[in-house]
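In what follows, subunit A forms one complex with subunit B and a second complex with subunit C.
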Partner chain A sequence: MAVIEAIATTYLEADAASVEFTSIPATYEHLELRFTARGTDTTAATYYTSLNLQFGTGGGAVDTGANYSRHYMLQAGLVAGGNAGINQIWLGTIENAGSGTGTEHVGRYAAGQAEILDYANANKNTTVLGLNGRHAYWSPEVRFNSGLWDATGAVDRIKLAPYTGSFVRGSEFTLYGLNSS
Partner chain B sequence: MAVWNVIGHTELSGNATSIEFTSISGSYDHLCLKASLRFDSSGQYMQYGKLQLGNGSADAGSNYSVTTLEAQSTTPLSGRSTGDTWMDLWPITGPSSLADSFSSATMWIPNYANTSNYKQVLIKNVSENNSTSSNQWSVGVFAGMWSSTSAVDVVKIQPWADNLIQYSTVTLYGINGV
Partner chain C sequence: MADPAYIVDGVLTDGEAWVAVDSDVLTGTATSITWTSTDDGQVGDWSQYMDMVIICYVRTDGTGNSYVKLGFNNLTTDLFDTVQMEGDGATDASSSNTVFSYNFIGKAGSALTGAPANCFAAIVCHVMDINASKYKNVLSYNAVDMDTTDADESRAMIYSSTWGAADATGLDKHGPISRMDLGIFGGTNFVAGCRFDLFGVLPRMVA
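Here is the complex of A and B:
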């Protein structure tokens, strides 16, 4: 049995409001998510949007309640900062179509990685540890993210969606499982 | 030959002062640890974790240093500590944080078995909490060094002064190259 196994990959052949991984088995010790993504929002001067993450358990839909929190530190342009928030987990930011239409803009997909340790342990809330880069034409940034889901159920569903708009065609998401024996 | 290999996995069945892996084979290229930890001392949101390496036993000498970039508020801070008896400054979640919440860390120890170089450690760590108040949460990256050319065959993790609680887990992986 391989230590790291690909559970699923979603490559968007068309724009989509969200991506969901469902029926995630509880047989792994840790999960890891890797993505490249871009948003459709064409609102003027909306260069980027946050990438939201929600979890589900017990075979049901993802939890849309106010049971999440997030923190990050970032370097945006030449400015460093940190931030704390509740009710959402952000895996970072993705470039939007609103950043511009020229060739210097349209090919820029943000990249990111997130680890979800001990995701099936019924004695622990779910914690996310993530890294995200958005090498944008305007306001490029790198973020180190954390997130918390206040629920101890084993994670069997993960939903990713832009805070505004949809993902554009060509966005890709892969979920891996890591074994511990 | 598999690239990733499980060397060991520990989940605490009760509170314990530390989680330690010993007699680690030198046959891999790199080590990687994934730790989900919480400590038991009341009245604290976070407490520094301590990482010690060793050959035969965990080295408790003043042979460690650590450099940090961390946010516990809207202003990230850098830090540096040398001549220490452990690598610390990476926070573990404690009892004042939301119940059932554990810190998460990934630690890499590249080229751990070589006998020519000091050993470098790279740590990504988050101590989550459902709080927007400063110093009640942490996200950070930490670079550590063990000033020894001995091959690493012991890795020891513990909180600064208290116990790890039940359900704390650490998985140790050995990573192969070509």
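Here is the complex of A and C:
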């Protein structure tokens, strides 16, 4: 048995409002998400948006209620900081089309990875931690993220979506399963 | 005839998504570590991987400037937009650079006076979507603890960069990554005992 198995990759061939991984087997110990992503929002000065994550259980849709929380620390340009929030888990931020046009901008996708620990345990709330970097032309950023889903259901569905707009073509997301002995 | 190892009870099993591509353990000093894609369709051919991951355990014989730098495709003119967040136990030493000449993925243990001789740093570094027509992103995190005798060289650090080539307006993007070089910013050596492992991370296209 492989220690780390690739469960599924979504490599967008067209813009998409969200990406979902469904029917996630409960046979792994942990999950890992890896991504490079960029948003479509062209609103002036919105050169980035948050990447939201939501979970589902029991074969149903993802939980869209206010059952999530998050913390992060970051370096944005020359400024260090941190923050917290509720209602969504953030895997970080991604560049938007609003960051600019031309070759200096359009190929810039944010990157990130996150671990979703003990996701199939129906007696624990689900915790996420991860790292994310973004290099929009005028605003580079690195973040260390944490998140909580305040529910004990075994995770079998994951939805990823930008806070505004859609993901652009070429955004890529892969879900991995980590086995124990 | 016996089934091959990847068939168990008639079922095709999943292979490892993280493939061990290369590994170096130093028995003497070295100024750099170089890995190159074999371009032969085998395990060492990087064109099959989505991401690459470097895990290293490093120390330099220098006494300062112990940042570990990562370069791609043997390009001496390559440039990076970078941002990092560091803590040395006393202050936030964070910074950001555009079209910077170096890609510092962490700090190595160093030979500062008073520091123990066996302090190595740990670095985990992700190089994302290495074959795409995107700017290539690097994410890493690093820990080096040099005892309390020199807090300046001790760090916990997270780091992100994007790689490009200088053009009239800043950075233009490169093609696929086929070579990586690791070295020490100050030009000093990696010492014996340093370990460097390179993994290729496979995708799974299911639809």
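We adopt the following convention: the second predicted complex is superposed on the first by the 181 of 181 C-alpha atoms of A that agree within 3 Å, B and C clash if a C-alpha of one lies under 4 Å from a C-alpha of the other, contacts with A are read in each partner's own complex, and residues count from 1 in each chain.
Note that a contact is a pair of C-beta atoms (placed from the backbone, for glycine too) under 8 Å apart; a residue touches a chain by one contact, two chains touch by 3 or more.
If you're wondering where the values come from, they're calculated on a predicted model, not measured in any experiment.
By the touch criterion stated above, A:S146 is placed in contact with subunit B alone, subunit C being left untouched.
Looking at the shared chain after the overlay, A:T9 reaches subunit C, while subunit B stays out of its contact range. Of the two partner chains placed around the shared chain by superposition, subunit C is the only one that A:A111 touches, whereas subunit B remains out of contact. Contact with subunit C, but none with subunit B, is seen for A:G77 once the two complexes are overlaid on the shared chain.
Once chain A of one complex is fitted onto chain A of the other, the partner contacts of A:L131 extend to both subunit B and subunit C. Touched by subunit B in one complex and by subunit C in the other are residues 2-4, 73, 80, 131, 144 of subunit A. Within the complex formed with subunit A, the subunit C residues making contact are 13-18, 50-51, 81-85, 92, 94-96, 98, 126, 128-129, 132-135, 137-139, 141, 158-162, 167, 169-173, 201-207. Residues of subunit B touching subunit A in their complex: 2-6, 9, 34-36, 69-76, 98, 100-106, 124-133, 137-141, 166-167, 169, 171, 173.
Residues 1-11, 34, 36, 73-78, 80, 102-104, 107-113, 131-135, 137, 140-144, 170, 172, 174, 176 of subunit A are the ones touching subunit C in the complex.
If you check the complex, the residues on subunit A that touch subunit B are 2-4, 29-30, 69, 71-73, 80-86, 115, 117-118, 121, 123-125, 127-129, 131, 144-148, 150, 152, 178-181.
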